[in-house]
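Both complexes shown next keep chain A, but they swap its partner, so chain B is in the first and chain C is in the second.
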Partner chain A sequence: MQRLRVILRTMWSRGTGRYALVVLALWLLVALVSLFWTPRPLLATDGYHVWAVPSADHWLGTDGTGADVLSWLMAGSHTNLVIALLTVVCSGALGLLLVGLMVARSSALASVSVAVVDALISIPTVLIALLLAVPFGASAAVVVGACSIAYGLNLARVARPAALLAARSQYVESARADGASGLYVLVRHIVPNITPVLAVQLSMSAGTSVLAEAGLTYLGVGVGAGVPSWGHSLATSVKLINVFPLTVLWPGLIVTLVVVALNLFGDALRDAADPVANPALRAGVRGESADAMPDTLQAARPSLRSGIASADSPLVAHGTKEIVDER
Partner chain B sequence: MRFVVRRLLLFAAALVGVSVLVFAALRILPGDVAVVMAGTNASASRVAELRAEFGLDRPYVVQYLDWAGGLLHGDLGMSALTGRAVAAQVGRRAAITFPLIVMSLVIALAIGLPLGCAASIARSPRLRGLFHVLAIAGGAVPALWSGLLLLLLFGRGVGLIGLFPSQGFPADGWGDPARAIASLILPALATGFVAAAGIMRYTRAALDDVAVDGGPVDMAMACGMTRTQAMLHVGLRLATPQLVSVIGLTFASMITGVMVIENLFALPGLGALLVGDVGNRDLVAVQSELFLLAAFFLVLGLIVDLTHRALDPRLAAEEE
Partner chain C sequence: MSVEIEGLRVAVGATEIVHGVDLAVGDGERVGLIGSSGSGKSMIAKSLLGLLPHEATPSGRIAMGDAVVLGDDGYADERTLADLRGRYVGTVFQNPAAALNPVATVAKQIELPLRMHYDLGAGEREERVRAMLDKVGLPQDVLNKRPHELSGGQRQRVGIATALITSPRFIVADEPTTALDSITQRQIVDLLVSLVDDAGASMLFITHDFAVLSRATTRCYVLEAGRVVETGTTADLLTAPKAAPTRDLVSAARTLTLEAHHD
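Moving on, here comes the complex of A and B:
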């Protein structure tokens, strides 16, 4: 609890972290509220005010069927929240499983899993989604499945160097000698070593799931028809842009703001939750200087490098998923 | 040399593996092509007839060998719904998608590379923070939305300043190159902007990796270059192999990255073809198209790896 408070305070103390926390808290709040209340019922259409401009009745205007844009966006926020959370959980689980295999003691198992990850990692998310969409049809599960597979692979690849270093360390060897199981070593020793990478990659996967949902729903393989989501709002607003262009602005703006917040959240969390980077967490204990750390571990903590406050991970250079493909 | 041979063998093995994977993935799908083709009121005998006609009643191994043998001869099969050769369809669509991807990539590089260099050279934390936020914000924009905004600004008939055709592709294809290119500019900008953010991040990260304390950039500065000179002449050269990998990956991912944009701008490209065929459960076409896409990724991976190695002699030296 104490720890959590320190982490949150550290994140709050930076502008980017504060922005991320505010936006994500708003997202949570709106998603919760939308379960019980939206300004207008979702299915209530106002046939006399199609494509209406924002007014006291319809704060963000109405779409082509006269439905209230704000209500749909609010309702969409919980669909996207569920998709993002499921993506984080599933890609995290898949990623950790793969990391475990990749640093396994059996060298055959390790090299096969490395080869498989390398081979599969270049498959774009959209392609996985299209494959999944044939048997399952358009559904949120397709978005979650495709993002989880793509990001689980990415996570495994990016986390491998730090995980390998931990797996070959003396403390793991001594734990092994004590009779610790592979699972115990993974959870107790390897996961803490890759927490900085996990923080960044998992929040990035949440952001990607929001972007992927928008793109896939537009292509007709995302969430089903009639289910409120930001991608749904964006796709409906596309059909008649020349009639009322302002409607187009809102869903895209919300997606952009939220994805920026998720990316910044990952960076801020990495810097705040890592005892090496955040002295407040060490509570007076003097550890080794970060300069003495192996390169692999330093690379996972870019904010420590060269004294310049950089929050961008050079590790990203080893990931591949984040370039353009989800859009 | 040994590396090249090994890499080529790996490539061939991966091709076979991918073809098996695509084939198997499509066999376990519940939708029955023959039933779809025969229509809703078809009799059972008609379905069986169609199944025999397309060879769907044969054992999987025979079907696979037949398909793979065709691929080796450049025969991608016939679309089950339209009855046209898949190869011809893919070829016509690729004549739109490839120029679009190349234009997007050029735009992405023209924006992303200089910004990435500037972000890495910048020393003041405030400026670096600004570049950081710029890269993140650029990468967070859905391509669908950036395409829409471009349409609203520059699309003819829709936008504020009608500069470019807003949708569609000239019916005579590349008969009039100027018109064809004009209709690709807005879509290319839409995907190019988003990809530029990625290129910018990678360029910055690659340069930062080279510019570690006491590294080659410091060395060049000790020899009298300014920091900017050292970064651009020494740092950028050392980062080139990584940048080539990134460019290759960006190129590969754009194949699917442009799908949404092709759809929005009503361009009859590869993405539209694939999405349509998936929707129609056109088994033969989807199978060959997915294989072609996967093969394309593998070829790019091969090219990137070989170029990477040619550009970075340290890799060869390490193996000795």
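Moving on, here comes the complex of A and C:
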């Protein structure tokens, strides 16, 4: 608990970390509020005021059916939050499982899993989503499934060098000489040593899941029709972008702000949660039994590429392109 | 605990590195294994607990106390080995900076063998770790530090504390002083010897340095290119080395000692 406070305080002390924390906290808050209250009921439409500009009645204007844009975006934040969280959990689980196999002491198992990961990683996320959409239809599950598979594979490949370094290290040898089992070594020695890579990769996969949701929903294989999501708001408004550009701006802006926040969050978390890089953490946690924490040595630098790619308003097209590029 | 190695051969791929080594450590005895780099010392140390790299294939016989570690059918099952590792046999490694997990606290590292082999509460484990810190001469406040905050000598003391926390009957010290400066070397050797003797355990001390060996052991084996070329009491080997590799090692130790005196 004390460690968490120190980590949060360190993140807060830096501009980028503060931005990330504020945006993510707002996202969480809005998603919670939207469960109980939105300015207008989602299905309340006003046929006399379609494509309305922002006013006192409709703060962010209305869409083509006269529905309140703000209400739909608020409700959408809830959907996107769930998708992002599920993506992080599922891709993390898949990635760790694959890392475990890839650094297995049996060299046959390790080389087979490396080959399989390298083969699967060449399949574009969009293709995985289209394949998943065949049995599941257009739903959030398709977005989560496709993102989890793609980012899980990506995570495994990115984390493998650091994991291998830990697995072949003398401290693992020494732990084995103390009687530790293979599973204990994986959980207690390898995972803590790849935590910096995990922090960065998982927050990036959360960010990319927001982009993927937008892109896939535009293609018609994302969340189902009538389900509020940022991708849904974009898809419905983008058709008339030349006539009513303002409606596209809001979801585009939100997606951009959130994706940048998620990417910066991973960066800030890695720097703040690292006892080697963050002296405040060492001083703060003394006397409390601290668990193993990440090391600076193998931290991979994240790129903000995926966050910045969608800054312009023809955003859905960009979002889709980004998913293809990502593979 | 007595340890017997008979006709140990270790091959990596098609190349044999250890060519039939016989070695015995009596109960409560401190025995040295000395040889230059690449002579196969570490391979022998790793083969003792079945920790050889995957591509290495050992053959021969290794027995520890009543347990047969390596027999005609290869290694004993993983359970038997895991039970020996850290419980009856403690290992001190060469490079304490690399042998400690960079992200785990000293407390976590030292208590690892206790966690693995004994069903103790957290409080009891901490009590034992604290007692062990006193024994190896470390201040209590290192408990929540991580390896990078310690000096080389302190790290090796952590390594020794980890190896000895379960009061093992046999210690394998694989070049425990090589990464340390000469003053720290002496302190670490003296500490290791006194702790091993107090516990009545036996020890196999591996090194390339006769100066260290003379303080740590009573009897030793000289290894050259995977074969034992000479054996005897450490004092005899130091004063009257017979085999050429032994003479080289002894003269290397003398030269270095003399140079140290000139400084």
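The criterion applied here is as follows: the second predicted complex is superposed on the first by the 280 of 327 C-alpha atoms of A that agree within 3 Å, B and C clash if a C-alpha of one lies under 4 Å from a C-alpha of the other, contacts with A are read in each partner's own complex, and residues count from 1 in each chain.
In this section, a residue touches a chain if its C-beta (ideal position, glycine included) is under 8 Å from a C-beta of that chain, and two chains touch if they have at least 3 such contacts.
Owing to the predicted nature of the structure, the values given are computational and were not obtained by experimental measurement.
In the superposition on chain A, A:Gly252 makes contact with chain B only, not with chain C. With both complexes placed on chain A, chain A has more residues touched by B than by the other of chain B and chain C.
In the superposed pair of complexes, A:Arg5 makes contact with neither chain B nor chain C. Applying the stated contact rule after C-alpha superposition, one finds that A:Leu127 touches chain B and leaves chain C untouched. Using the contact criterion defined above for the overlaid structures, shared-chain residue A:Ser169 touches chain C, although it does not reach chain B.
Residue contacts after overlaying the shared chain place A:Ala180 against chain C, while chain B stays out of touching range. Residues of chain A touching chain B in their complex: 16, 119, 122-127, 130-131, 133-135, 207, 211, 214-215, 218-221, 234-235, 238, 241-242, 245, 248, 251-252, 255-257, 259-260, 263-264, 302, 305-306, 308-314, 316-317, 320, 322-325, 327.
The touching residues of chain A, counted against chain C in their complex, run 105-107, 169-171, 173-181, 184, 188-189, 192-193, 195, 275-276, 282, 285-290, 292-295, 297.
Within the complex formed with chain A, the chain B residues making contact are 14, 17, 25-26, 28-31, 108, 123, 125, 128-129, 132-133, 135-137, 139-145, 148-149, 151-152, 157-158, 191, 194-195, 198-199, 201-202, 204-206, 208-209, 211-213, 242, 246, 249-250, 252-257, 259-260, 263-264, 274-275, 278-279, 281, 286, 290, 293-294, 297, 301. Note for the complex: chain C touches chain A at residues 49, 51, 54-55, 82-87, 89, 91, 93-95, 98-105, 107-108, 112-113, 116-117, 122, 144-146, 148-149, 159, 162.
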